[in-house]
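Two complexes are shown next, each including subunit A; its partner changes from subunit B in the first to subunit C in the second.
Moving on to the complex of A and B:
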């Protein structure tokens, strides 16, 4: 009886499930959605109702689960906007809306819904309607090309900022619940993840902002799941790979709901026990800093690790202004790790950062 | 997991026909899904929800990591016990009623989530009022249990329920609190409510009320909205009867019993929340109870305890496990000692209940520390409990009389994977398990397979 250990005795107290926050980013770019074969296999209406069902399923997992929905589009096509929860509501310290807007009295006998599901559905549809209305107002019908590019970085930034706000406010609360009973000092946080439903291709000029978001997410241990309904995206593949998220390119978009339910619904706690789809080949190409082109092989500044597709003029690095001794044939094939770290540090404020890049 | 889940597990013992009836209501389906299933089981249900064909077991086996076999078996076992899935020819099928109701819950289109009142109430009720009402009713019950003098006395029905639930005992004229009652008092509000409601459920049989209707109503209350009036239309006679009892507990509010509307209080709307959400409920209550504000207990590393309270209820609770020495108008001081803790444990209060209570009610000043309570005190309270626990009893079954070593080994391995194995003796080929249903299935399956093999050979 010398080895009486109180902690072991109470180890069977399993910790309750952490609340889980899902931030959904929907690419609402109209052009891919209305182009065949996607427009026939999965019209936007169907996709949206499937997504709403998926979000309801996420909310059904637990009372504490939360959802946010962000729309991503081209700057002229609406930009990045939070559709749900609506921002206008005054929030209390925990980030919850304090009062709800008055709602019309439901008709007796009308089929009803679980309140959070109803709020979510109405919120998302209203938010989407607002975004589309603002696009229609601004659209002068002159420039079609700008509309076709989806800027995903803005939406990712919004998502990360939102997660940071919620998790930051909730961290203290959760820490308490965790210490309760078990006596452990583990600092609890909210389990957050991002799901990007993407239909458009990459915008090469967005390489640096997207990668910055990816590294921020990686540091915060926020998985970025990517559901590629159409097209192909190098950057999002890398995002999912770097953050430990799920990347899937849908072969059969009409089975969208089943894909969502199987691969994207399990939260981080359940994922420990499940085999989820992984990418066999990740496209690790980067975009150069000088012409924003996606390159296979390029030049890397030895000081700040910036990437160039051609030798910069006068052999001076455009980011850190270092005079580089460039010899012909000194072209370097980048390694995976180097490139990632390089973009993280080299793209900051343009200041030379010398030192070992962090993995 | 908290105690509420343990008491919730009583529901697993319901007969399959009852589950079938329960799954007819989308809101009950949703609540049971949320409250009773482990995380992995939820994922499995969701994956199967929109598939029309049965899922082959081989698919589930491939989907779950081989290292998580134990969790998988636990999840599948739970689903089987709750009659959500059934297995046939190595294929897993989701119960049709469950599937239909759950889909309906997610997509809407049913009328299962209460009928809100359409007309304006002549006497509108605010959320604060409801909170105050619920707190007053609930506290009255607690006060009655600890025997403090208070102006409000709970109704006859409540008293009968407390006695029937073994929380109080009739001695001479007055009812006295029992050991179970003590540990009841130290639990959080949600657990307390569920303990009483489940007791209500078990009493229902004698009152000739339908189990299913009662459970439906509990789950319905859990899905309602705080501060919203709901119409009594559509409730069954049993449920109308219940409404009156629930009003006594402070779970629903009605201005008059003849009124055709009712308001769920915070006690009701949090019924189906998980343990993680409980503290926020507590805070909601605390905001309503302005006098006690937030936490009020300060514990020092020298085992001294200071409680900024004048509530007789809180003081009597503290007196269960601490030796109180001084009392000021707004402050009680005392000391936690081996003797006081041992005394509490003899009354049936566990160390974790005491620690939970102290943590939940910790003073804001104390809350700035991590961990909230001084670790020395927490550890010592636990050690004091272990002192008396040299022996631990676990209910279960002894499995023995294996004919061959191979039979014994394989069954043993299976039990180990399930996580139910508690003790083994290889020489005698005996082992002890905490749960025997799945093991019995396994043995029967093996016997059948062997018989089939023998037949094939013959």
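Moving on to the complex of A and C:
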């Protein structure tokens, strides 16, 4: 009986102080960062040091708070990678790590730095350096023309998988090797959120994967905050809107740190008591699959839900090749037997080019 | 609205008790099987000690088995009825007074029904639903066919608030006839479904129910039933006949959780059977834009409520307060593009991943799960594959209808704890496997490293081209993506 009382007491105490996980996704697409208005107002170096400060602030709130940093790159500009925390290598039988990456030499002159801050800074910089180096050295003949759009779906998927791992593992330490199958702990053991620092536009073909991530996040009550430093992204607008995150387009990127601290630092529990920046207008219009033209009244295939701006030729759906009857005012005009089953393949790779909502 | 009888508004506890015991007597005759408390499952019976006397290996195996069991989904990209028309039939008969489900069958049914409706519209945002109740040998309309979850949920809540008590006998025939009437007008491009919660063990019908079943088959209405007490012959016949011979749609709940699972299984759009795909239609839909003008409220066209933000019909500029809906002025279907996107994962499902065989784990192979960077267990620490039973029939019932392409044999429980995506070749842990297939519907490897995926595809093609010349060409050209036997 004593034990019961004790746990209750403990539970009450723990309630107010749930560990909070912040997953930061940095857009490392070089083109927007080096294009003029942004490159003078907020050079990448400054942005990075501001972000590190922001992450330190998050860590400083509670010693149980955690941070993860993921890089998102342009198509052909390296994939999405987890920068921090560095992957733990499995230990060998003697408990030693099998192969340790060479430890960076301790920076002189910083003996008084708070250890978690130092680890974070070194980890993020090392991870970023590794990603950039791998992009530079990898020369396999593939076309490396970098475009000014950024793939975000991979980074979001990694972030969700990472959150899933931590939430499933309860309040375990990041550094510890987790035994697999720790059972299903309540998702309430960890408060997670995702912050996307984005400078580029959307990759149109990523619509389905991004929306899948958004719905997964929505289901797990993980807000996706978006800090739009430059450019315009309809996907991220919808992501923030659907998950209840903060979306802000920065008017003055040189005040980056202040934006971060004021709008993105409070965790979901604190946000209930704050007035947050809201999105007045979210673009929900759809783009047709045929011409990527924005439509407000469109035709939708009842089998695959593709959107068309006009009745497709011969009434055959261009995505799933189904013969369609066209309804006028809710009445079926023509009834025809379906011609062919869906041609979509089983993998995500089979995803046909799907239209994207565009402004 | 249902003209609920107000007879039992203040029903006292002992009155309920009497009714419950009465119905238990009634039921006793039909329920010849074992009672639930007689079948005991001891969890420790399943555990086998390892060679060193520890059970940790067996425990890990069992955990994985449990996780993996839920996972072997049907990933056939078959056409699913994305636009559904479903009639939810609730049992409001005296049998629902039973307290074998806590707090009572009736109250549990109502709360589960609300959750079901919420989930149904989450999964099928452009579908329709209506709710019917069976009591006193009659079928009563609880809510009308509509696409607004709030209406149905408030109707069910009202049922409870009005103190409606389970009463009389249920009538399957009356309920089916009413459901048929509800679905009569539904357009041909959608599915027609009836989902019945059936707590009683008998039905009290005015005519021949077999005639009604025949009519249901003719109208191409699929009926699925969640039983609460025991299997009933007429129910299995009904399900069998309306689902072209498959009994998969009839389940009897064993406990509260199972009841919920059975109900929630019906939120996934059903695969369209050949017989039912009578017409595919091109639908006209409107994608409204959001407006907001704080300080100047306007009346919405749907409820005449003052609103400061809402959506505007692109055709007639009528203002509505919530989506999806059909425009109250010009009856255009109004929807957000995100509503359509929510259904895309049914149409483009993520292929199952295959387990990595023991002999494919080599020194150079990845040691970390690609997506969450959790280290894989060392091979030595894993249970020998013999202790983990490879059970093919653990796969979901749906797989029996359609073969799973891309997976040659039904994958068994991995004995290596590593699962590989055939498209990108990356390896994942079991938790990520489940998470990606059940919640995200994306492959982290394919999304995070599209170039690696393309490269692999090219390699695969090249390999296939000169397959005959060189058989043992294993390409480990690319850093961490390993070649597995695909």
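The rule we apply is simple: the second predicted complex is superposed on the first by the 226 of 359 C-alpha atoms of A that agree within 3 Å, B and C clash if a C-alpha of one lies under 4 Å from a C-alpha of the other, contacts with A are read in each partner's own complex, and residues count from 1 in each chain.
One rule holds in what follows: a contact is a pair of C-beta atoms (placed from the backbone, for glycine too) under 8 Å apart; a residue touches a chain by one contact, two chains touch by 3 or more.
None of the values given here were measured: they were computed from a predicted structure.
When the shared chain is aligned, no partner comes close enough to touch A:221: not subunit B, not subunit C.
Of the two partner chains placed by superposition, only subunit B is touched by A:57; subunit C is not.
Touched residues of subunit A were counted for both subunit B and subunit C, and C has more of them. In the superposition on chain A, contact is made by A:282 with subunit C only, not with subunit B. When the shared chain is aligned, subunit C comes close enough to touch A:325, but subunit B does not. After overlaying the two complexes on the shared chain, residue contacts for A:115 are found with subunit B alone; subunit C is out of touch. In the superposition on chain A, A:272 makes contact with subunit B only, while subunit C stays out of contact range. In the superposition on chain A, A:209 makes contact with subunit C only, while subunit B stays out of contact range. After overlaying the two complexes on the shared chain, residue contacts for A:75 are found with subunit C alone; subunit B is out of touch. The residues of subunit A shared by its contacts with subunit B and with subunit C are 177, 180-181, 183.
Contacts from subunit A toward subunit B in the complex involve residues 1, 4, 6-7, 9-10, 13-14, 16-19, 53, 56-57, 60-64, 94, 105-109, 111-115, 117-118, 121, 173-177, 179-181, 183-185, 187, 257-258, 261-262, 265-267, 269-270, 272-275. Contact residues on subunit B toward subunit A in their complex (touch as defined above): 1-2, 27, 30, 33-34, 39-40, 42-43, 46-47, 49-51, 62-65, 68, 71-72, 105-116, 118, 223, 225, 231, 233, 272-277, 279-280, 352, 355-356, 359-360, 367, 370-373, 375, 378-379, 382-383, 386, 390.
Within the complex formed with subunit A, the residues of subunit C that make contact are 60, 63-64, 67, 75-79, 82-83, 187-190, 277-290, 292, 314-315, 331-332, 336-338, 340-345, 347-351, 367-368, 371-378, 405-406, 417, 422-423, 429-432, 435-436, 439-444, 446-453, 455, 457. Note for the complex: subunit A touches subunit C at residues 75-76, 79-82, 87-90, 98, 140, 142, 151, 153-155, 157-158, 160-162, 164-165, 168, 177-178, 180-181, 183, 206-209, 211-216, 219-220, 238, 242, 280-286, 295-305, 307-308, 311-312, 315, 317, 320, 322-330, 332, 335-336, 338, 341-342, 344-351, 354, 357.
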